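Chains here go by letter, A, B, C and D, matching the order in which they are written, and residues are numbered from 1 within each.
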Amino acid sequence: MSSAATSATVELTGHLMDTGILARVLDDVLEYGGDYRIESIDIGREHQDESTARVEVRADDHDLLERIVMRLQVHGANAVDPGTATVRPAPSDGVFPEDFYSTTNLDTFVRLEREWIPVDRAEMDCGLVVTEQGGRPLVRNVPVSDVKAGDSVVCGAHGVRVEMTPSVVRGEEEDFGFMSSAVSSEKPQALLVHQIAERMREVKAAGQKVLWVGGPAVVHTGASPAMVRLVRAGYVDILFAGNALATHDIESALFGTSLGVDLSKGSGVPHGHEHHIRAINTIRAAGSIAAAVEKGVLTGGVMHAMVEAGKPFVLVGSVRDDGPLPDVYTDVIEGQRAMRAELPGVGFCIMVATMLHSIATGNILPASIPLVCVDINPATVTKLADRGSAQAMGIVTDIGLFLEQLARELAPEG
Amino acid sequence: MSSAATSATVELTGHLMDTGILARVLDDVLEYGGDYRIESIDIGREHQDESTARVEVRADDHDLLERIVMRLQVHGANAVDPGTATVRPAPSDGVFPEDFYSTTNLDTFVRLEREWIPVDRAEMDCGLVVTEQGGRPLVRNVPVSDVKAGDSVVCGAHGVRVEMTPSVVRGEEEDFGFMSSAVSSEKPQALLVHQIAERMREVKAAGQKVLWVGGPAVVHTGASPAMVRLVRAGYVDILFAGNALATHDIESALFGTSLGVDLSKGSGVPHGHEHHIRAINTIRAAGSIAAAVEKGVLTGGVMHAMVEAGKPFVLVGSVRDDGPLPDVYTDVIEGQRAMRAELPGVGFCIMVATMLHSIATGNILPASIPLVCVDINPATVTKLADRGSAQAMGIVTDIGLFLEQLARELAPEG
Amino acid sequence: MSSAATSATVELTGHLMDTGILARVLDDVLEYGGDYRIESIDIGREHQDESTARVEVRADDHDLLERIVMRLQVHGANAVDPGTATVRPAPSDGVFPEDFYSTTNLDTFVRLEREWIPVDRAEMDCGLVVTEQGGRPLVRNVPVSDVKAGDSVVCGAHGVRVEMTPSVVRGEEEDFGFMSSAVSSEKPQALLVHQIAERMREVKAAGQKVLWVGGPAVVHTGASPAMVRLVRAGYVDILFAGNALATHDIESALFGTSLGVDLSKGSGVPHGHEHHIRAINTIRAAGSIAAAVEKGVLTGGVMHAMVEAGKPFVLVGSVRDDGPLPDVYTDVIEGQRAMRAELPGVGFCIMVATMLHSIATGNILPASIPLVCVDINPATVTKLADRGSAQAMGIVTDIGLFLEQLARELAPEG
Amino acid sequence: MSSAATSATVELTGHLMDTGILARVLDDVLEYGGDYRIESIDIGREHQDESTARVEVRADDHDLLERIVMRLQVHGANAVDPGTATVRPAPSDGVFPEDFYSTTNLDTFVRLEREWIPVDRAEMDCGLVVTEQGGRPLVRNVPVSDVKAGDSVVCGAHGVRVEMTPSVVRGEEEDFGFMSSAVSSEKPQALLVHQIAERMREVKAAGQKVLWVGGPAVVHTGASPAMVRLVRAGYVDILFAGNALATHDIESALFGTSLGVDLSKGSGVPHGHEHHIRAINTIRAAGSIAAAVEKGVLTGGVMHAMVEAGKPFVLVGSVRDDGPLPDVYTDVIEGQRAMRAELPGVGFCIMVATMLHSIATGNILPASIPLVCVDINPATVTKLADRGSAQAMGIVTDIGLFLEQLARELAPEG
C-alpha cells in the first residue's frame, strides 16, 4: 500500500493547530479511502505563529491518489512536488475530459513548463482551460457549460497550486473572522452592525464595490426604506436577487398600503394575493423596470432606487416564479454568466435573507472576497459554509432591524 | 341520541364569523365525541357588529356532556340554562372530587343560589373552592396542589359562567391584537417596537405594572445594558426568570470581558465554562443577590439594577440548574405560588427568549392581561398560544436588537 | 359608501362554520380595504350539513370592488349575479390587459353569453384566453409568459365562477383531509404512511397517475433503495425534481461507497466534494441520463430506475446548479411548460424534502388534486399552504424512515 | 509575561490532529486571556496512532493561570507537574471556598500526598470533598447544594488529573462515535437504529443498565405502544422524565380515544384540554402511579409498563407543570439527587424528544457513558453537546418512526 506510484506528499501552512484545518485534511484523506503518515510538523510555537505540516498521502491506485490530492487543495494543501500540468482536449462542447482538474475557490496557479501562471479568476467546481494570448499562455477558469470541444483542459492534480488569502486562513473556524479582534462584551449585535458598516466604508474608500444578494424578506420585514437609503448613500453597488424580491418590492410600491397588515404580521405575503401578478404585468407592459421608472409608472422602492442610482442588478429566475418580470433571466446558466460578469471589482459581499441566491453567489465567488450572510434562519448560514464558502461569516438576526441599524450607521436621515 | 338528559344548549357572543371561534367550538364538540345542531345565529351584519349563536350540544351520556360544556367555556361559550353549581368536598389534601370543574383563564362567575359570584382570580386548569367571608360566599380559584381535604369544590359545569374580556375576543385570530389598527406598510418591526413602547407607557400611566419574563438569551445576545436602562426607567416592575438568566447576568457582571468572544458569537455560553458555577458560589457565599449588591460584591447587570430599583423578581429553578443561586425557588410548586402572588396589579406582560418560564407564566395568567411574546424561535410563540394563552401576541425577531430599540424608545440615553 | 355601483353580493356554500372559510372571506374583504354586510346565513344545522352564506361586499370604487370579488373566489365565493365576461385583447406578447382576471387553482367557468364554459384546466395566477374550436368557444388558462398580442383575455370578475371540489372543501382547516376519518389513537405516523399507501393504491386502481416531487435529501437520507423499489412497483409515474436530486443520485451510483460516511451523518454532502461535478460531466459525455443507462454507464439509483421503467421525469434547473445534467431545463419557463404537460391524468401528488420544486408544483397544480407534503422541516409545509395550495396535507417526519416504511407497504421485498 | 510563577505546562494525548482537540485547547487558552507556546508535539504518524502534545500556558496572574489549567482539563489536558492538592474548608453549608476546583465529567484523580486517589464518580460543575474511610482518604464529587460547612474541599488545579475514556476520545468530533466503523452507504437511518439496538443488546449482555430520558412527544407521536414493547422486553431499565410525559401517557391510557384526532395531527395536545388535569387528579386520589396500577385504575401505557416490570423511574417537575402527579419531585435539587442515585450500573443512555431533561441528565452523567440523543429538532442535540456532553451522539429524526423501528429490532411482536 505504499509503493512510490501511489503516494504523494502535500504541504500546508497556516494556523494549523488552532483552526482545525489539519484535522480536516486528515479526515478527508480517510474519507476518500486513502491513508496518511504525518512526515513533519514545524510548529508555530507562539500562538500567532504559523505552522507547516507535511503529510504523505497514500492510495490504492493512481486515480484515487489524484482525486485525494485535488480534494486537499480545497484546504490550501499543495503537493510538495507538483510537477507540470497535463492538458487534454475537451471531447465535445460542454464536456470536460474525464480526469479534468476540478477547481477550488482559492487563488490558483498552473505550471505548464517552468513558470507558474495565475488563473484569471477563482470559482469552484469549474475546469481550467489553457489558451494563448500574444504568445503567452493564459489559463482561464471555465464552467462545464461553457467549455468547447477541443479546448485544452488541465487534467489531474499535477502542476496545480492554490494559495489561501489571509481572510480565509482563519475564517474557517470563526464566524466573524475580520471582526473578532474588536469585539467587546457589550451589545454584540449592535456592534456587529457597526463593524459591517466600518468594513463597507473601507471597501468603498479602497475603490471597491459592495455586492448585495437579497431575498424577498427584505420587503416583507419592512426593510425597504432602510435598503433604499443604503442604495442612495452608495453602499449597494450591485444587487443579485430573484424575481421575488423585485416583484414584491414593485408590488409594494404600486399597491402600497393594501398589504400593510400582512407586512405587520411578519409573515410572507400569501400567494393568492394576485397583486404580485398584476405588478409583474404592469412592468411587462412597460418593457422593463428601468422603462417603468422612466415612464413614471414605478416611483418608489428598492428597484426604483437602483435604477435612479444607475447601479446594476442581476435578477435570475427560478422554477417557482410567476411571470416573471421582463428583467429576469429565465435561463439559469445565462443568469450565472451575468452574475459572473459583475464580480470584477467586488471587495465585499453581503447576503440577506435568501438561501437560493446566496448559495448561487457563493458558488461563483472567490474565497478571497469577504462574505457576510445575514438570516433569521441559522440553516441558511450553515448551508452556505457547508457548500464550500469557508469565508462566510454568519449572523443570525432579524433582517428588518438589522437593515434599519445598518442604514442608521451608513445613511443617517437628514 | 337526543334525549333531554343528554343535550344542552350553549350560547356564545362576539365576532363569531371573522374570528373563527364558532368553528373552534363546533370542532371541539366533534373532537370530544359529541354532536351539535346550530339552533340559531343572530348575525352581526356590519363587520363591526357582534353575532350571537346558540348551539345544541348532544352527547351519549351525562358525563361526556358535562365535559364538553366545560370545554366550550374555554372559547367563552356558556350554557343557556346554567342552573346552580354543585359543590362537593375534596376527598383529601391535594385531590379534587372526580368531577371537579376545571377552570379556564377567563373571568368566571359561579351561581350558588340566585346570585352570580365572581371568582377571585382567573387561572386555567385549577378548581373553584367555595368559602365564606363575613357571611357572604366567596369563590376562590385554587390549584390542585393547594386544595385541602373537605374544601367545598364546584363540580360539573352547572352554575358556572365565563366572560371574555375585549382584549381576548379578537386576539384569538390575530397576532397583534391591540396593535393592528395603527399598522402601516412601512418598517413593521420598528413600528411594533414603537407600539409596545406606547402600550407600556399607557399601562404605567394607568398605575398598572409591567411584568417581564426572560431567558438567558437576554444576556447572551448582549441586551443586558438595554435591559438595565429599561429597569432604571421604571418599565420592569416584576421579573420572572430561572436560575440561568440571573446566573449568566451575574457571571457577566463578575467575570466581564472574559466571555466577550462568546457573546459575540451569538451562541449560548458552553456549559464547561465553569465561570457560572463560580458566580453562583460567590452569591451563595454572600447569602442572596440583594446581600451581594449591598456588600458591593455585585455592582452591575440586570439583577443588580432590579435590586437597586427595589423591584421584585421571582426566580424558579429547573432540573437542569447548577447551584442554584440562593434566591432561586428549588420547589417548583412554591415557585408557582410566588409567581401568582406577584400578579395583582399587572397590566401588561412581555416574555423574551424563554419557553419554559413563558409557558409557566401563561399557565397562571388571566386571559384579560395583554401578553407579548418575543423570540427568535417561532416555535416558542406557537407553543404558548397552543397551550391556551389565546391572547398571546407573537413577535419573531432578534432579542438583542429588539431590546436595544425598545430601550431607545423608552429610556433614551442622556 | 353603499351606492349600487360599488357593491356586489357573493355567495358561498360548504362547511362554512367549522372550516373557518367564512372568517377568511370576511377578513379578506377588510384587508383589501372593503367592507361587508352579511345578508343571510342558511345554516347547516347538523354538523354534516353544508351552510350557505350571502355577503354584500362594498368598496369605494369599482376597481377595488372587482379586485375584492376576484380575491374572494380563492375561497370559492362567487358573485350572486355574475353577469357575462368582458373580453379584451392582450396589448402585446407576454402582457395581459391591465384589469385581466387572475385565476385561482379551482375549477373555473366563464359565461360569455348565456352558457357557462368550463376552463380547460385550473392553475392559479394565470389569465383566461377565449378562443374558438369548431365554431364553439373555448376558454384556456394561460400563464402571462405565453399570452400573445391580440389574444382575447377575460377582464374583471364578471362572468367568472369557480367550484370547490370536495377534497378542498374541508382541506383548508385539516392537515390530513382525506385521512382524518380512520385515524386511531395508536401510532399515527405509521398509520399515516399506511393511509398514503392506501390512497396510492386507489389512485392507481382508478387508472390515474402518482406524481412525485423530490429533493436531494431523498438521496442524502439513504432513502434511494426504498425509492427505487417504489419506482419498480409502479408507484412513481412522474418525477419532478431539480439538478440536485438527479446529480446526487447519479453520483451515489457512480462513486458509491465513497460517500458512505457523509450519508451516515445525515447532513448534506459538502459542495467541495467534486464528485458531483464529475458525475455531471460523465452524463454530459454520454449525452443524457437515458443514454448513460443504455450505454451501461449508469446502472443504479433512482434515475436509472425511472429510465428502466419508462417513466417520465422533468428536471428544472436553478441558479445555484453546477453543470447541469444534460436533461435539466436551464430555462425555468420552459421547465414550467414541461411540468404542466405532464399533469393530465395525475390523481395524487406527493412532495418529499424540497421547498423550491414543491412550491413550483403547487403553483401549477389544480386544487382538486390531493397533495401530501413530507418534510422534516415544518416551514416547507407551512409555506406551501401559505402560497395557495390549500389542499396540501403536511407531514413533518424523517424522509429516510418515511420512504422505508412506504416501500415496506407498497413494495415489500421478495 | 512569562515568569515562572505564571506559567504551567500541560500535556494531552490522543488523536490530537484529527479530532481538533488541540485546536480547542489552544482556543480556550486565548479565550480565557492567557497565551501559549507549543513545547513539543510527538506525532502519531500513521492515522491510527495517538499523538502527545506539551503546551506551555502563560497568564498574567496566578489565579487566571489556575482557572485556565482547570478549564483545559475539560479536554483531558493535565498539568505535567501536577503537585499535590490544596484543601480548604467550606465556609458554610452550600458554599464552596472561593477557589474550589470545579469538576469535569471525566474520570478524575486527586493526589493528596503521594498516591493518586480516584474520585468516586464523575459529574461536571461540582466540587471535590476529601473525607476518610477506614483510615484511608476518600474523594467524593459533591454538588454545591450538598456541601456542608467545614467539609474539606479541593482548591485550585494542583494535584488533580483527569482521564479520557476511549468512547470520549474520538466522540468530540464525530456524531456517531462507536457506530462509525460499520456504517454503509445504504439506508443510514435504518442502519443507525440497528446499531443502537446492537449496542443495547451488548450493554444488557454485559449486565449494565439502559437509561432512558424522554419527553411527552413519545406519547404525542404515537410511539407509546412501541415504547411499551421495549419496556416489556427489558430494554428500559430506568426512565427519567418530567410531569408531562407521565401525565400525557396516563391521560392517554385513561381517556384513550378522545385524543385520537390530536395525536393524528402530530401536534402537541392543546393545554386547554382539561383531560390531563383530570388524569393527574385521578392519580393523586390513588396516591401514586404504582398504587393506581395496583388498584386497577391505570391499566395501560408506558408508566403502567414500567410499574409492572418493576423498573424505577424518576420524574422531576418544572415550573410549567400542572398538578403535578404525586410521584413527581417538585423540588428540583431533590430530583437531581434522585436521578444521581440511579446512575450506578448505567452503561448506555438514550434521550428522546426532551431538551430540559436531556440537559439535566447530561449535567450529571459521566463522560464515559455512551449517550445518544434523538430529536426531530436539531437544536436539542446541538445544545446538549455545547453544554459539555461531548460524548453525545445526535440523531435528527422522527421519534414515532424511530421508536417503532427500534421496537421492531428489539421486541418483535409475537
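The working rule: a contact is a pair of C-beta atoms (placed from the backbone, for glycine too) under 8 Å apart; a residue touches a chain by one contact, two chains touch by 3 or more.
Small disclaimer: the values here were computed from a predicted structure and weren't measured.
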Handout entry: Contact-richer chain pair (by C-beta pairs counted) among B-C and B-D
Key = B-D
Problem - Farthest chain (mean CA position) relative to subunit A - result: B
Fill in the blank from the handout: Taking each chain's mean CA coordinate, subunit B and subunit C are separated, in whole Å, by 40
Handout entry: Distance from the mean Cα position of subunit B to that of subunit A, given in whole angstrom
Key = 45
Completion exercise
Distance in whole angstrom between the CA centres of subunit B and subunit D is 32
Problem - subunit C: positions in contact with at least two other chains - result: 261
Handout entry: subunit C-touching residues of subunit A, taken from the complex the two chains share
Key = 31-33, 67, 70-71, 74, 91-92, 94-96, 98, 100, 102, 104, 124-125, 143-145, 242, 257-258, 261-262, 267-268, 270-274, 276-278, 280-282, 284-285, 316-324, 326, 330-336, 339, 356-357, 359-360, 363, 383, 386-388
Handout entry: Contact footprint of subunit C on subunit D as seen in their complex
Key = 175-176, 179-180, 183-192, 221-226, 252, 256-257, 259-261, 263-266, 376, 395-398, 400-402, 404-405
Exercise for the section: Show which residues of subunit D lie in contact with subunit A when the two form their complex. Expected result: 17-20, 22-23, 26-27, 29-30, 35-39, 41, 43-47, 173
